[in-house]
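In what comes next, chain A is part of two complexes: it sits with chain B in the first one and with chain C in the second one.
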Partner chain A sequence: MTIILTSLIFAALLGAILAVVIGAAAKAFAVEIDPRIETVTDMLPGANCGGCGYAGCADFGKAIVENGVPPSQCPVASAKDAGRIAEYLGMKAEEKEKVIAVVKCSGGISTTERSPYNGVNDCRSAVLVAGGAKGCDYGCIGFASCARACPFDAIEIRDGLAVVHPDLCVGCGKCVDTCPKNLIVLVPASVDVHVYCNSPEKGPVKRKVCKTACIACRKCVKAADNEDQMIIKGFLIETNYDNPPISDLVEKTGCPTTALRLASKHAAGAYEGVSK
Partner chain B sequence: MSPKTHKFKGGVHPDDSKRLSASKAVVDAPLLDKYTVIVHQNIGAPPEVVVEKGDEVKKGDLLAKAAGFVSVPLHAPTSGTVTAIDKCEGPTGIRVPSIEITADGEDTWGDCMTPIADWQQAEPADLKQRVSDAGVVGMGGAGFPAHVKLSPQKPINTLILNGAECEPYLTADHRLMLEQAEDVVLGAAILARILGLETAIIGVENNKPDAIAALEKVAGKYNVQVQGLPVNYPQGAEKQLIYALTGREVPIGGLPMDVGCVVQNVASAVAVADAVVKGRPLIERITTVTGEPLVNPGNWRFRLGTPVSKAIELAGGVKYQPAKLLLGGPMMGFAQSSLDVTVMKNTSGILLIPAEQVSLYTSEPCIRCGKCVQVCPMDILPATISQAVENERFDWAAQLNVLACIECGSCSYVCPSHRPLNQHFKRAKAEIMAARRKEQKK
Partner chain C sequence: MTDNILTITIGAILVNNFVLAKFLGICPFLGVSKKIKTALGMSGAVVFVMTLSSLVTSVIYKYILSKTFTVAGTEINLTFLKILVFIVVIAALVQLVEIILQKFSPPLYQALGIFLPLITTNCAVLGAAELSVQAGRGVLESTIFGFCSALGFALALILFSSLREKLDLAQVPKPLQGTAIGLITAGILAMVFMGFSGLV
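Up next, the complex of A and B:
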């Protein structure tokens, strides 16, 4: 009987002492956490894509609350979602233009094949050996490094060519760094007209290896409402994203090589070289 | 012959197929109408082009000057007119800058460098400057500027000449040592003088007994040693050759100079001898044109800028359609997609491979048999590193010393799962070096 009693009293005493110690430690070593960080992180999309430049949504949430980084820096959240976060924190909602990725190449394997390639199925490996299977030195080599990097499944490899689906792309930019040919650029999502070619070579050289290369014939420059809308860069023409042309330019131009395309129709497989 | 050589770890024994061209004497290739000289033929900075379209050049005139220390000048392969400065097919499948020279048929030498006849009395620094001015690079395949290797920052006590030629099929160095043994030995002596050494060792694989005999006959003249080496690929790799001849191991990330060695290819030694004694820049080289599909494989002395298509024509054309064209040997050579690519300073071979020897395979999972580990001459773990690379764990690959890989291809050669190990390592090395450069910029 006494044994039971002693042990009970001892256990109760020990419990009481430890409770006081733990309680004191909890007060003394408490880490201040702003409860808003968790709320903001929950309001973020949770894709952890890193498109904002932070390690993930939680890190970005912390940066919003603590450093006042604008929530609109998240490429995935819609303007409405970002606005809600700004409102919750009492910040001024900032509008940020949505961007999407464009792969500046239209040469599918059927239009530009040079020789068979039998090696690692990865763009960064393939360029080290013989530059892949295609004839163009500057074009997409089609081993899907960008598609694998995309957290939103917005890039599809079709006929050995990476095609971005503008409706799925959120513009996080994860694909940009993976491309060994530096073909992927982030452009305003509101612009639909792009030149799908990146080769700085002269027209005849490009045409020899690719049917859909831009040969800088300037038809699109002339057809544009304002000559400033398309920029001539050597043997290549580029959309002026500061002063973009409207979508009917593609039809008005009738690009002889179909390098000038609408991103939406390119993704839908409406042009030569990217048949579905 | 000194008695002891060392056996490096690993290595493979592919069929060397040298019989196709080993007995064919070197023939001077006939003069062509047009040469397309690739500007960047060396490791390091590309030289700066100094000629313009329409310029008249004489044979041996400067086409491009060295841009920096790790760079070499480029000289005209024949006399004629510069008709284009454009791009042409390069050896890695990417179009590269080139200079097109239309020959005038005269083939006259320009005002070349003055020969240094009494090189035994000349200042080593002058001799080194001559090597640099002549545009000599490592002609075994790498194309590393020769004068850079001759400027070591550490004390050197051994000069090694690489005549191993361990790549299957290639016989260019073999024929060179056999036919120009005196020039090889002379080059060795000049290189030794530049480095302040008394002697040099020429390492030759034992499958070339005639070349060893020819070298030994003249070696005594300049106090050069000739050493036969067991046949084992990659015997001719720099670090393996040093170990085989001296028993010294180059540390990981180190250079041959860390163990007091300088290694030069035998063809480079001949180019050095030509530059010093005859005052001639490097504008031609011996290249083996070989492969079963060829009617008449052999060895030719080609001017730089000779298209591969002309080389194949000289070899009598093909008996049947080959499946693959390589520049270099079958182990480390580069597959080509065009016949327009031209002979460069480091083109040791032009190799055609028949369809039955080219297998298109799919890479299968590693079965952990360990064959790659057994054959790896650098003692790294190819199987494990390849898995690190497949998972894009380049930090892990770096820990496993992928940077020590010499890309000899022995592991890919033995892998029963046909894993593209060598390609994985190339990628890992490129990614790690890119990450380090990025880090340094910060």
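Up next, the complex of A and C:
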């Protein structure tokens, strides 16, 4: 009986002493933190993607409160969310256009000449060996370095080609940094028409290795309402993102190689195997 | 004395490695070994906490728990309370360290921050205290044992995480991808460390 009592008292005493010590320490060494930082961090999406340029959402929340960084710098938060944070802090909300990533290549395994490659399954490794596994020196390698880097699982590798899903992509730009071919660009999300080719080679050279390359036939330039809407850059045509064409253009043009595509349909797989 | 310390050092780091020979602390070993950077942070926190907790628990054991005293005519020895006391003391200690660290060294708190609460009730930390008691070590030897055991843990964790970073790029058969190949690698690593047995 005495043993039970003594051990009970001992345990209670130990607990009480430790509680007092910790409580006293918490009081004595209290660090004052701006309570707004936590609230703002909670209001952020919590994706920790680093797209804002800070080390995670908590760090960005701190920067918003302490340095007055605009909340709209977060690529994930919608304009409404950013506005809510700005309102909470009494800041002026800034509108920022939403961007998404586009992989400027349409050459899958079935439409591209491919050379054998048995190395590490990573684009950056493959690039060290004769510029990758595909015949085109400028196209997507398809070993998913970008898909692994994407914190939102917005990139799918289909038929050896990286395809961005526009509805999942938030435009953080993580993939842009990983692609060794510099194929991925951030474009305004409102534009749906893109040229899925990046090769500056002449048309016939491109066609030899890829069925879906842009051969600069200028059909799309002529079909556009305004000649300015598509820009000709050497042997490659590009959407003018400052003066974008409407989505109808793809159908009106009837691109002979299907390099001109709608991002939404491209992600849905509508162009697979349709090259002429 | 020096001979004994050398035995403890080599024994704790290589021969009786906490993770690979005693299978203590497997949870963080698998959990935070995906990247070398986090593994380094975790190792730092474990070394810090295990050294400190070994010191404190051995002092408590030596001067309170192992003593026999008389209460109301009955002889009482509270040794049987050691696991309970050790857990509470270690948890409180880590909490205390965290509070103090946050005040005086924000960069270190940032670096160890996430890992400190994770190891409050880590079995490796408790194991170091318990094993020292079982082996009847003194305060100094217990502290050295705790420190070296943590170094052994750090060695295993860093070795394993660097292997896992390489594994990420390897072509692993589908059924073995992820944790499965991690566990196989850990098993092979443990077999490698069996080569040290008999050294001490």
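Some points to look at:
The definition used in the following text is that the second predicted complex is superposed on the first by the 239 of 276 C-alpha atoms of A that agree within 3 Å, B and C clash if a C-alpha of one lies under 4 Å from a C-alpha of the other, contacts with A are read in each partner's own complex, and residues count from 1 in each chain.
To be clear about the criterion, a contact is a pair of C-beta atoms (placed from the backbone, for glycine too) under 8 Å apart; a residue touches a chain by one contact, two chains touch by 3 or more.
Everything numeric here is computed off the predicted structure, so don't read it as measured data.
Once the two complexes are laid over each other on the shared chain, residue contacts for A:V31 go to chain C alone; chain B is not touched.
Of the two partner chains placed by superposition, chain B and chain C are both touched by A:D122. When the shared chain is aligned, chain B comes close enough to touch A:R114, but chain C does not.
Residues 120, 122, 125 of chain A lie at the contact with chain B in one complex and at the contact with chain C in the other. In the complex of the two chains, the chain B residues touching chain A come out as 87, 92-95, 334-337, 360-361, 363, 420, 423-424, 426-427, 430-431.
The residues of chain A lying in touch with chain C in their complex are 2-3, 6-7, 10-11, 14-15, 18, 21-22, 25-26, 29-31, 120-122, 125. Within the complex, the chain C residues that touch chain A are 71-72, 74, 76, 78, 80-81, 84-85, 88-89, 92, 95-96, 99-100, 102-104, 169-171.
In the complex of the two chains, the chain A residues touching chain B come out as 114-116, 118-120, 122, 124-125, 128-131, 135, 137, 201, 205.
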